[in-house]
Each structure stands twice: as structure tokens, then as C-alpha cells.
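A, B, C and D label the chains in the order they appear, each numbered from 1.
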Amino acid sequence: MNLEFGRVTLVVLFALLPVLGIALGFFVPALRARGPLFVAFFAGIIPILSLYIPKRFLSGETGMRPRLDQWLIIVAGFALLLGIVNVIQNGTRKIARREEGWFFSVVLLTGLLVTGGVGIWGAISGQGITTLPNGAATPFKWIADHFFLPLQATIFALLAFFMASAAFRAFRARNTEATILLAAGILVMAGRVPLLEFLAAPFPPIQPAAAGASQALGKLTEWIMQTPNGAAQSGIIIGAALGASSMAIRLILGIERGYLGLGGGE
Amino acid sequence: MRNGLSRAPARPPLFAAPLLALLLFLLFRPAAAAPPETSPPASPELPAPTDFVAKDRSGDGGNAILLTWKDPPGLPENAVIQIRRTVPPAYEWTDVATAKPGVQRYEDTTAKDGVVYRYEIRTAAPAAPAAGAAPAATPAGPPVVSDPVASHDNWFAANRINSFIASALFLLILLVSISMAKSGKNIFIRRIAGLNAIDEAIGRATEIGKKVLYVPGIQSMDEIQTIASISILGHVARATARYGTDLDVPNKDPITFASAREVVRSAYLQEGRPDLFREEMVNYVTYDQFAFTAAVSARMIRERPAAIFLIGYFFAESLILAETGQSTGAIQIAGQADPTQLPFFVATCDYTLIGEELYAASAYLTREPILLGSVRAQDIAKAIVILLGIAGIVLTSLGLTWYPNLFKTQ
Amino acid sequence: MASFADRLLGLDRRWLFLLVFIGVVTPIVFPIGLPVTTTASTRAAFEYIEALKPGSTVLISYDYGPSSAPENDPMAEAVMRQCFLRKIHVVICALYPLGGLQLANNSVAKVTAEFPSLQYGEDYVSLGYKDGAAAVIKRMGDDIAGAFPIDVRGTPLSQIPLMKNVKSLRQVDVVLTVATGIIGEYWITQAHAQSGVPVIIGPTAVGAPKYYAYLNAGQLVGMLSGMKGAAEYEKLLAARYPELARFYGSTRAFTATKGMDAQTVIHVIIIVFILIGNVAYMSRRAAQRRAGAR
Amino acid sequence: MTPIPDIGTWIAALLTLAALSFLYKDNPIFRFTESLFAGISLGYYVGITLNQTLLPNLIAPLTHDFNQNWDLLVPGLLGILLYMRYVPKTGWMSRYALAIFVAYYIGLDFTRRIHGEVLPQLARAIVPLSKFDAHTILWSLVFAIGVFSVLIYFFFSKEQDRITRRVARVGIYFLMVSFGAAFGFTVMGRVALLIGRLNFLILDWIYPLIGIR
């Protein structure tokens, strides 16, 4: 059995400590809140230490930090079932009580059970979820290709319409800020396509001039994107990163504990 | 990427590196071994490289030896530096690599920790550039052999000292500010429009008897913006509990869903209204970004919430959700720290928390000393960033071009 | 006037949706052929492939997924057509994990169907998809068969006539990476840097800016930036080859030229509506001010 | 390509149309499609998670090389611990799994912020104003003013005086240029998505249907 130092430490911190905490939690209710925060401290400090300590037990390929990463991918995999349980609970309740729209819950649950079912079958049977040895698609892939992906792409494509309606409504010269937003938006939009050439198309003599202006507009667009836009993005990123860092430190130190349902602050 | 050392002249002093090298040197001083035999015989017209040093690459996880040398003057254009190594006491040289002139360094990442190696380099000039010519036929200059050297993993990543100092400094500022705030120092916090609007929006929902929709982004709890959103959700849920307004929190991520439910439940408990809390308030939709978007957009159209909160980490769906919500006439408050989706929120929502405002929100809403102290610390850090930046522009303009490299991280 | 302005400002957004829909459908069905001026980076790519001798080898890597297909497909197809007309051998691979292979297969099937005399294995080869783009590219620098032991049809590379003289990227005359995301950069930083193979990139418009630095540094021989770049390339092809001019003028299939028509029309619609909205807004405000002053 | 659209193409085309119908108004066909999409997508991730996360990361390592991977039993148990919340009495136990998950990733996130964002962005803003021509200097100056004025806008704990209010105002202008430009820049990519969908409908479905190749 692999009993490397890093691995055993992980097990002690994140298996033995929680087990101990749970056992004691039955007798000392205060530990039910404190225990998880204590364990969280170690989980949070590992990646930070690993950034600065290249020692192999911590940061090597099979060290504590990468290994913990692999662990938590598995935990996240289990978490999906949390959501599924909720969806099935809500759906069956609607159907049982014949609530408004219960039929659509039947549709939803059918889609879930069929697709999930063939996915589980792919795992159990060992045929997987991509293609069969003879090159044909598995049932899972067939559903994904003809139901899932087209719907995904279509909802994504709705954005083309919403970009237009949002621009029409929002880009109004109400005040200085809105006017700046409007001007930058129109300039960049015009610079992305051969707009001036298009407008000059019926007038051949001015076409070369339009082509030149179009390229100048393209350059201006690039400048806007790189200089003022780049600067504002840098500013947002620096500020947000400091806010995030302070939140991260508070959370690791157990000061921020709302995410566990333990109320805010202290 | 570990090749950052190639920018060596432009970086902060690596005081650890020479120290370690010295240590190694003492540990592995040449054990009076006879200089190893090398073949084929040296070709006198090719000059040998000088100042050849092999040492453990410092600040890394081991398994790497750093070789440095100086190219001899008058190196022919097509010449290369051949690198070979052996494990003493055996002297069977194996080829490691060849380096082009001008590089003057090589990292052997095939070394094994704890194994002692000796390296040899020499100049070689392939007679004909034709590929496939036997390497034995290439004339080579006299070899230069290194002292024995072994690699090991290190305790400190010296090349990250700048970020280490910055992080430590920030931690210090944060802890001092928090303790000052806790000891009763009054801290001002400026008005943030989007946050004042939260109570107004919930109030309106109460008046017209419609529900409040809160979407905590589509990311999991591995993202700090989600944590910040969950904390704002706690505030919103306390308000809906107080007013007896209905709340709906659809989720895309299952872990965020679990956490959001705990937070809402505890908010209703804190307000003394556990009777008003229903499990379905916080519900799970689906794990797909766009299926989630379709379902939540449809819910907006069908149930017409009076207030819509889109706070957390959103991607392309931001505009679909916000534009649909806008068409229902709801008051919309959005918030995101990452800049990519902000343009769409700004265009479609009544109020948008921009960037760091998302993180300042909890402090603003609760006025808790700890959180106010954190906001203070963030402001101090920003002031330092601005001062370092302005000083940097002045100094680099005066010719101190190494200055920006102090902040480059690897 | 004011009431008309009010009506405009309160316009049902579904009219706008309808216009956007028509604006995209029309060019797909009836191409307009709006003028496009060619940029230097596209011309450089075109001329580089024009200068290759018949029997040279071009590697086309499909490094994008379905969401950027309208931008990226026409690039790969335009270059493929040029190669086939000039009797240049084409090697195809796909490195994008989600849907890259399917895109490559469809696109290759479409273009090869236009050239009935082509022989698979003699004129072109499709290597299929491999996971782990950076490592695959690195391996191809030494040994293409090491990265792709068999082609997409299951034939070992050693049995494919075209691959007899193409053992590594060193024997490839130019690589075209049609890319979204990071994979395009791998071709520059790994393939070009290590084996010196010239690289042409076809990024999406959003990804294009970061490649200008590589272009200026001479690490790229050319670039087709976004759908516009692809449309420029189609224009260059049509100008040089009458048969392609006929093809691009008559095909039912999607081309970048049609795409740019749609893009330009939609951008014009949005800009015009923003302007209309502002005029209506101003006139209403003026009317309100007048009413207030009275 | 088959001359007559096959059943898969028909399904995809009809679902595409049904999803687009939401633009006109909410309707039962859209509601059917949206519910189906929610169900299928969740089922899809069941298949993906099982086959691409749990099988290769948990089951395969445990069954193939237990001695090297025995520790993976712990995340399995932590995963199961998450479900304790469905039992009211033991709900608090699931906090351990949640706390470890959240704290690890937040720690990881922390390493990306100061190390990966604050310092590099600061380095980027520091541009010498002496080396290049007047044109470049002006642009570098614009960039630096943009970064620092936006940062000043984000000062929360200090009441703004006359100067900082003006600087913060400049910061807001920069933010507005950025938002407007980014909006305009994105239109093209979104239209490309729509082109992709309509290409599918017209070229793969309608044309074969009416016999145009």
C-alpha cells in the first residue's frame, strides 16, 4: 500500500479528523459548527503553501495538492446526484398533486430517465458513451447529437436577437456616461465589418476612399479594445482580485462561514 | 512553465540560489576522481565553452539540473553545444541534448533526485547540414566537465518571492484592519447604488405580491464570486422572511444549490420565520448552462417575478437572462466581479454591482466590523498598488527598466 | 412627431427579432456579395500557398468546435480547395476535443466531393482526432506516426502512399491551424519553434488580436482573422481561379462571403436602430421640454 | 450526406424551431421543448459524470491498482457524506464535505488572485514614458490613467473629496468605453452562432427536403 507522507497526511486531515469531529459532534453540539471550520482551514491552506513550497510531498505530481484536487473532482461528481434527487422530488410531487403543468414534469423526468439510463448502461456494459466498435453512435451519443447539442446551440444563438434588442434599448444618449457607452459601441460595431465599403458600394468613385476609411476604423477599433478597454479591464481585475483575496482569507480563517449556513460573520 | 529563469537578469535577487549551490558544492566536492575519458578526439580548431557550472535548479520540485556556460568567442555559425552526462564512478557518457550558440544554459529535467551526475559540454560543428549524417562524423572541440551534482526538491520557490511578499503583506494589512475595526474604530463606507436598491426591490415585490427571483450565477462553490453571491443571498432571504415575500432560487450547480438552501433556511430561522421557509424555494434545475437558461427564462415569463437578482459568476447566458427579465418589467439587480459579462448587465439591468463592489456588498449590507475592516484593507492595498504603479512609471521613464519585472510572476 | 417618437421608443422588440432573422437568412439563400478589401496578412497566407510546388504537403489542423464553425469552416475549406487545384497534398488532423473530429470529417467530405478525381491516400489523408493537443503537436515534430499510428479509416500510416515522404513536421511545407482557443498558439510555440515548419493561422475574430504579435515577429507566415479573413481568402481564390469564382458564385453551401454579408447586414440593422432610437429619444425629450416650458 | 433528411435531422430541426419560437412568445411547444431539454441535459451529465469522472477517476484506479489508490476511498466517503443533509438529524455532518470542497478551491483561487492577477496587471500598467515616440507615450499614458482611475472609483472606505470624485468620474468614463466597446465587439460572434443554426436548418434540412442539393 502506498503510505507516502503526503497521502497519509491527507487521510488524517480529511478522513480521520472529520470522523473524530462527527463522533464528538454527537455529544458536543458546538463542534458541529466548529469542526468543519477547523478542517476547512487545512484544506484551504494546502494550495497556498503549495504555491511557494515546491517540496515533492506537497507539490509534486502525486503530492498533497494535486492529490486533493483529484479527490475533490470525485466529490463534485457525487454532488450531481444532490441536484437530481431534488429534480425528481419536485417533479414527482407536481405529478402526484396534478399541479399546473404536471405534464411537462412527465416530459422532464422521461428525458432524464432515458438519457441518464442509457448513460448508466454505457458505464455498466462497458460500451461507453461515444461510438461503438463498428463506428455507429451509442444511444447516448445519438441522443446527445440530435436532441441535446442542437438545443444547446439554439439557445446560445438566441443571443444574436437579444444583442440587437438590448443595444436598441440601452444605447441611448441619456447622459454623459450613456453617451460614451453608445459612442464606443457604435464605433466598434462599425469597425468590425466592412460597413463603409457597403455604404459606398453604389458610388464607385468613392470606393477606394471608403476602403481606406474602413481600415482606419478597424485600427481605431483595435486601439479602443486594447487601450481604454484594456485599462478598464485591468482596473476591474485588480480591484476584484483584492476583494476576492480578502474574502478567501476570511473564509480559510473561518471568519466567513455563511456558506455553511452558519449565519454571517462571527 | 519553468523556463522563467531565462529572464534572470531582470528579476529580484535569488539569494537562495547561490546559497544552495554552495551547499551542494560542499556536499559533492570532486572526490579526486580522474578526469573521465572522452571520445572522439577533440578537434583543435573548435574552441571550448568556458565557465561551465552544473547545479541543482533552485526553487523547484526536484528532478532538474541547471547547466550554464559561456560560449567561446569565435564560434562558427553552424556550431552547436553538445551536452552529455554520466553517473560517476562509471564514465559512460550519454547524450542529453544539444544547444544552439547564444543560449548558454540548459535545464536537464531528466535527472533523478539524489543521483549524482557529472556533465560534459563541448562545441561541435556538423560538417554538412544534411540530415541523417552520422553524428560520430561531426568534429568536436575539447570537452569541459562539471563537478558532480545532484538534484533535490526545495523548500521555497525563490522565483515567487515577489508574490509571497505581496500575499503576506496583504494578509497583514487585512488582519490589522479587521482587528482595528473590531476594537471599535468607526469605518465609513460610501454609497453603493445597486445595494440600496435591494431593499427597494424586495419592498416592491411585497407590495404587488409577486416573488423575488435570485440566481447565484452558474458556477460552483469553487468560485469566490459564488461565495460572495451566497452571502448576499443571505441578506435577501432575511428581507423576504421579514416581509413575507416569496423567494425563488434556481440553481445550475448542485453544490451551490446545497449551500444556498442552507443559507436561506438559516436566514428564515434567524428572522424567526421558519414557518415561511419552503424547501422548494431553493431548487435545482439542470447542470447544463443553456438548458438552465431556457428553464429560468421561461420561469421569468410565466411567473413574472417583481425583482430579479443575477449575482455571481455568469457566462454567455447573462444577456439571455437579463434581457428576458427586462422584458417582464421586473426590477433587475446584477452583480459580477469578472469583467466579461458586465457590458450586458449594464445594458439591461437597473443596477449592476461592478467588480469589487460585489465583494464590498456584504460589508455594506451588514455593517459588520470584520467586513468593514476587510473593505478598508482592500482600499489600503489598492492605494499601495496605485503608488507602486505611479512610482514605477516615473522610475522606468528615468531608465530603471528592471522595475516592472519586480511584479512579474511565474 | 412626439407620439411617433413614443411609438418608436416603445417598439415591440419582436419586430427587431424578425429583421435580424431575415438579415441572416437572406444572404445564406441569396448571396449579396458585398465588397471586401483584402488585408496583408490574408494575402501573405494566400501567396505562400500559391508559391508551393505541386506535390508539396500542407497540414490542416481542425482546432475548433461547433460553436465557431461558421467562422472557421470556410477557412479550412478555402485552403483545401486551393491545394487540390494546385495538386498539393493535404494532411488533415483534428485536435479540438469536443466535436472537432466530426467537423473535420464533414468538411473534408464536402470539399473532396467537389473534386471527383482525388484519391484518398494519394492526394489527401485524414489522420483523425487525438487527445492532448500540446503533447500531440510535440510528438508530430519528431514522428507523425507516433502521434497518429493509424488514420481515420484505421490504416497504419506506413501503408499510406502520401505519408511515405512525410514522417515528421519537418517534411510538411506549411501548417494551417484553424483554431479557437489555445491550440493555435501551440502550433506556433511548439511546432514552429521546434521543427521550424511555417504556420498559417485561422483564428476566430475574437481570438485574432493576440496573434498579431506572432505575425509581426515572423512566427506566422499569414493569418486569416475571423470570418472576414475567410471571406478575403475566398475573394483572392475567385480572382485567381475562374473555376472557383464560378463555384463561389453559385454554391448552395455556406461560405464566408455569405457569412460576411449576414454580419454586415446585422451590424447595419443594429446601428440604424440605435440611431433611430436616439433620434426618437431626443425628439421626445425636446417635446417634453417644450411642454414643460409652457 | 443523404439526400433525404434522416430522423435525427428532423428531430434536431424541429427542436431548433421550437426553441426559436420562444422569441415570439412562450407557448406549449416551447414549454415541452424546454422541459425535455432540462431532463435530457441532466441525464446527459449523469452519463458524462459517470463515464468521464467517476469511472476513470474513482472506480478504475480502485479496481486496477488499489495499493496505489486506496486513499480515493476518502473522497468517495466525502461524496456520500454530502447526502447526509437529506436526513434532518444528521444534516450537519455534510458540512465537513462542503467545507473541505469550498476551502480547498477558495485557497486555490487565492493563489490565482495576487499571484496571477494583481501583480501581472500592475506590471502591465507600468510603461516607461520616455522610450518611444510621442504617439506611444500618449497611449501608454491613457492606459495608465485608465487603470488607476478605475481603481480609485473602487475606493469604498473613504469619502470622496473634490479631486478623488473627479478621478473616479474619469474611471467611470473608462468603464463605459470598455462596456460599450466590449458589447459591440461581441455582436459578431453571436451573429456567427445564429448563422450556424440557420445554416443547419436551411442546408441540412430544408434544401434536402425540397430537393435542392
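The rule is simple: a contact is a pair of C-beta atoms (placed from the backbone, for glycine too) under 8 Å apart; a residue touches a chain by one contact, two chains touch by 3 or more.
This structure is a prediction, so every number in the text was calculated from the model and none was measured.
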Response to the item:
Between A-C and B-D, more contacting C-beta pairs sit at B-D
Worksheet entry | Per Cα centroids, the chain farthest from subunit B | C
Worksheet, complete the sentence: When centres are defined as mean Cα positions, the distance from subunit A to subunit C in whole Å is 27
Worksheet item: Where the CA atoms of subunit B average out and where those of subunit D average out, how many Å apart are those spots?
Response: 17
Worksheet item: In whole angstrom, how far does the Cα centroid of subunit A sit from the Cα centroid of subunit D?
Response: 4
Worksheet item: With chain centres defined as C-alpha means, what is the inter-centre distance between subunit C and subunit D in Å?
Response: 24
Worksheet item: When you check subunit A against every other chain, which residues touch at least two of them?
Response: 48, 51, 76, 79-84, 87, 148-149, 151-153, 155-156, 158-161, 163, 165, 167, 169, 171, 181-182, 185-186, 189, 192-193, 225, 232-233, 235-239, 242, 244-245, 247-249, 251, 259-261
Worksheet item: What residues in subunit D touch two or more of the other chains?
Response: 19, 22-23, 31, 35, 37-42, 44-45, 82, 85, 98, 101-102, 105-106, 108-110, 114-115, 118, 122, 125, 144, 147-148, 151, 154, 175, 178-180, 182-183, 185-188, 191, 193-194, 196
Worksheet item: Which subunit B residues touch at least two other chains?
Response: 160, 163, 167, 170, 220-221, 224, 227, 255, 258-259, 262, 285-288, 290-291, 294, 339, 342, 344, 346-347, 354-356, 360, 378, 382, 385
Fill in: Pairwise touch network: line, ring, star, complete, or other
other
Worksheet item: Which chains touch which?
Response: A-B, A-C, A-D, B-D, C-D
Worksheet entry | Residues of subunit C defined as touching subunit A within the complex | 11, 13, 16-17, 19-21, 24, 34-37, 39, 66-67, 99, 205, 209, 228, 260, 263-264, 266-271, 273-274, 277-278, 281-282
Item to complete: Flag every residue of subunit D that touches subunit A in the complex, lowest number first.
Response: 8-9, 11-13, 15-16, 19-20, 22-23, 31-33, 35-51, 53-55, 57-58, 67-72, 74-83, 85-86, 92-93, 95-111, 113-115, 117-118, 121-122, 124-125, 139, 142-151, 153-154, 171-188, 190-191, 193-194, 196-197, 200
Discussion item. Residue numbers of subunit B touching subunit A in their complex, please.
Written reply: 59-62, 113, 153-157, 160, 163-164, 167, 170-171, 174, 178, 220-221, 224-225, 227-228, 230-231, 234, 251, 254-255, 257-259, 261-263, 265-266, 270, 280, 283-291, 293-294, 316, 319-320, 322-324, 326, 337-339, 342, 344, 346-348, 354-356, 358-360, 362, 366, 368, 370-371, 374, 377-378, 381-382, 385
Worksheet item: Hey, which residues of subunit D end up touching subunit C in the complex?
Response: 1, 23-24, 185-189, 191-196, 198-199, 202-203, 207, 212-213
Worksheet item: Tell me, which parts of subunit D touch subunit B in their complex?
Response: 19, 22, 25-26, 30-31, 34-35, 37-42, 44-45, 82, 85, 94, 98, 101-102, 105-106, 108-110, 114-116, 118-120, 122-123, 125-130, 144, 147-148, 151-152, 154-160, 175, 178-180, 182-183, 186
